[in-house]
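I have placed the structure first, in the form of structure tokens, so that the comments after it can refer back to it.
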Amino acid sequence: MTTQVRTEPITVNLGPQHPSTHGVFRMRVTFDGEEIIDVEPIFGYLHRGSEKLAEERTYVQVVTLTDRMDYVGSMLNNQAYMLAVEKLAGVEPAPRGVWLRMIASELQRIASHLVAVGFLIQDLGAWGTPLIYTMREREKILDLFEMLCGARITNSYLRPGGVFMDAPEEFWPAMNEVLDELPPRIDDLDDLLTDNDIIFSRTKGVSVLTPEQMLDASITGPMLRAAGVDWDLRHRDPYDYYDQVTFERPLHTAGDNFARYWVRVQEMRESIKIIRQCEKLIEPGSVRPEHDDVPWLLRPPVGDAYAAIEHSKGELGFYLVSDGSISPYRCHVRAPSLINLTLLRDMLVGELLADMFVSFGSVDINMGEVDR
Amino acid sequence: MNSPFLDNSLFRNIYCYLASGSDDCAARGYDVAILPSGFEWLAFALTAFIIINIVTNAGLGAVIVYIWGERRILGRIQNRTGPNRWGPFGTLTSVADAIKTLFKEDIVPDEADRWLFNLAPILMVFPVLMVLSVIPFGVGTFVVDLNVGILFVIAITSMSGISVVLASWASGNRIAIFAGMRSVAMLISYEIPMALSLIGVLMLAGSMSLGAIVDAQDIPFILVQPLGLFVFLLAAQAETSRTPFDLIEAESELAAGYLNDYSSMKFGIFFLAEFLATIVASMLIVTLFLGGWRGWEPIPSQIWFAGKTVLVLLFIMWMRFSWPRLRVDQILALAWKGLFELTLINIFVTAILIAIWPDPGITELLIMSAINWVVFFISIWAVSKLLRPGDYTAPAPQEDRPSYPVATDELPDEVAYTGGATR
Amino acid sequence: MSKAWDGAKLADAIRESLPDAIVDAGGTDVWIKPDSVPDVMRLLRDDAEFRFELLSSVTAVDYISYFEVVYHLTSLTRNATAVVKSKVGFGREEACIPSVVDIWRGADLQEREVWDLMGIIFDGHPNHKRIMLWEGFPGHPLRKDFATYEQSIVPESERRVPSALAGEIGDGQG
């Protein structure tokens, strides 16, 4: 005689107040034992209506709203928004301003990847040590931002046609110092983490996504490159002066959590290369066009424009519609954090509870951008 | 009263001042009598009460110091200061934390099973305190020297698993249930390698009494039993649920696991039990593998014991703060596919060596240790080879071109827009 | 450098297969009929001439007299982009357009967002629910006639108590 033990799936709410949801994300997860059999993401706990607010502000004031979308990638958000505004208004940017914003956004990309890697390791259960190491490096970059624009997180540094202020004299030696220190620190990170058997065995082969799946779901950025699709807007569709710098696109073929982590670590090295080249190519001059050409109260002609950049999380696009007034008629954000979560269910079903937040962290989302 | 405890200096010094009338005390030169003769039973009870208080409170005090030390060292490891506000070097921070915990509101959830909910913290801390009673802290400084000491330790520590299950079940919280399921799987799995890893030590010492094991260590058993120590260290980490085996609390997965619904001093007791368990595990490692209180004069044996314990604790902290957590299946695989085999190898090799040298002196022990270290490295290498995940080398950038076609078929100019910027 | 399809030429290319789909073309944009959205999109994704594997963005604009749903498409193989637009909801009656989720799954969350904030119904969407705001929120905030803060306040009598809300969302356990 055999005894049947009755088992049943268990549904658990994880979040919005959970330590590893990277903000206020909520998932309703059904488990069979430790295995995930269903996931329902629930968004909106940080919705602030940025797109509606943008319709009430002037074009320059909207910059402050973009800072607060992805608050670990403010410079990149500024850049994407400025590209859209410049395209909409037909502004010819000042070369020094463009170089400065390229430097700023590449620094921000390093900072953003440092956060992504650090929190991924935190989700793996490390006791904060790698996270604090990555945060230490990020701190130096934030200090550089403070020199550039006086703010560390919500920078609002960029303006239509360039930046609002030239970098001070002491910025360049400080930046060189940071850039000299970074590669050995990233090597340290590699030694501590990439070659770590626990991290490797925890992340290898977990939540594999194929290129076809990801393109179907509009997933872009490091996630896509981790599956071997060589799609980087900086290279395929160079905006600003990215066609004048050379850099490589790190590609991994596995498409699992480890590949996503690995691609981010390598991209930091490439960003350092780009900044070094920018520093050589930058020339003295004005950092933004004359006020007569680009007034603070910009009135772009009636029309619409979509501009996208390679954000540290994927393709960040701004779709602006102008009705000829001083504020955008419609401002839509193509948020990579939100769209990269499209396949969350496919990634998680069949994995274990322990890998759930690791996979979630490897997407590298930011709730400020998901909910906007 | 002819007490069997009179060899115990801790006991003797208290008991004989209370009741010096007994012949045994007089024979040892005690002449102060507080209690009249005929009250030896009272002296005995009082002495027992005092000793229990001393050991328990010393254990709890050690936890306070340990928490402070761990936070300071964590701070140093992570490039920050650690607690430094209350008292010199922040030494009073833990005390302040303890007081704060006491004054927190004690919440019992509506869905909780009140009895079990309240029972669980007690069940958690009780076995750990019991283990303290058999550990020899120094020459003649112990509560009791049981002749089945190790068996007692293993038996009583397995109760902590029950308390975790009770706590998680009684909370009526689904996240806590996960912790309960995991604790059943993990704590019970690791009992087996933990117990088996000590067989080698028992064979060498020829006794289960912890005092006798310390006496037998003419050279520390870390030299003769490297495999035993390795397995015991990892199993003890798992039993005390420290990173990388902290599945039960798993902050990034289960928030706080079975502790989710506990607050105030019930939480404090769990916390205390957990840290005390780490200290006790280190003390056991010192007693079984590092020669216990043995050291060189004139430093007192108690200091030697404390110093060695701190060393082991430092090592455990180092592991804890460096590594991420293993997954549940990997942890169980490590227990059953890795550590279990290692203990069997260890028992087998040690048994053969004991058969060759039934009563080893120092020379024989050194020969044994040489053989055992060779076995240690070979077997660890073999097992890690077995358990390691298959490798893939990360492709070098630009060399391993991906298969997915990108920009292979450019858009011809005759259909492209020429009116201005494209994106 | 990505190239953008010229609107008129893209419209011509689509007309070869689907003669009735196109409404207008100009600049980089093509306007298509709402009913023909699935056909056109399937053509744009699968046909070797277009190969738009990636749906960059789905959004909508409220032009008072009508709504415009905007699709930004990207082709990786041809390194090209295109903008497809469709006007729906003339006279502000029920705005409805076929969903493209079965063509690109990437439209899933974006279409839900457009429904939530702009109030355009995507016919055939498998999970047609609000995403940022809660079910029962009055109105759609990105519409131009969603004017004031007061409009978003739910009257006391219609408010649901938290426990009832929890009972609806799930079992409140966790």
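Letters are used for the chains, namely A, B and C, taken in the order the chains are written, and counting of residues starts over at 1 for each.
Definition applied: contacts are C-beta pairs under 8 Å (C-beta built on N, C-alpha and C of every residue); 3 or more make two chains touch, one makes a residue touch a chain.
Predicted, not measured: the structure shown is a model, and the values here were computed from it.
Set side by side, A-C and B-C show the greater C-beta contact count at A-C.
Once CA atoms are averaged chain by chain and compared with the all-protein CA average, the nearest chain turns out to be A.
Here the spacing of chain A and chain B, counted between their Cα centres, is 41 Å. Rounded to a whole number, the gap between the C-alpha centres of chain A and chain C is 24 angstrom.
Centre-to-centre, using mean CA coordinates, chain B is 58 Å away from chain C.
In chain B, the positions touching at least two other chains are 174-175, 404, 406-407, 422-423. Counting only residues that touch two or more partner chains, chain A has 11-12, 14, 229, 231, 236-237, 306, 308. The set of chain C residues touching two or more other chains comprises 1-2, 76, 79, 173-174.
The part of chain A that touches chain B in the complex is made up of residues 10-12, 14, 18-20, 31, 33-34, 83, 87, 90, 121-129, 132-133, 136, 192, 194, 196-202, 204-205, 211, 227-231, 236-237, 239, 248-254, 262, 266, 306-308, 352-357. Taken together, the chain B residues at the contact with chain C in this complex read 173-175, 404-411, 413-419, 422-423.
Every residue of chain C that touches chain A in the complex is listed here, in rising order: 1-2, 53-57, 59, 61-62, 70, 72, 76, 79, 83, 104-110, 113, 117, 130-134, 141-142, 170-174. Put simply, chain A touches chain C in their complex at residues 11-14, 28, 43-44, 47, 49, 51-52, 215-220, 229, 231, 236-238, 243, 304, 306, 308, 315, 317, 319, 321, 329-330, 332, 334, 338-339, 341-343, 371-372.
Remark: chain B residues 74, 77-80, 174-175, 177-178, 181-182, 243-244, 246-247, 250-255, 320-330, 388-390, 392, 394-395, 397-398, 400-404, 406-407, 420-423 touch chain A in the complex.
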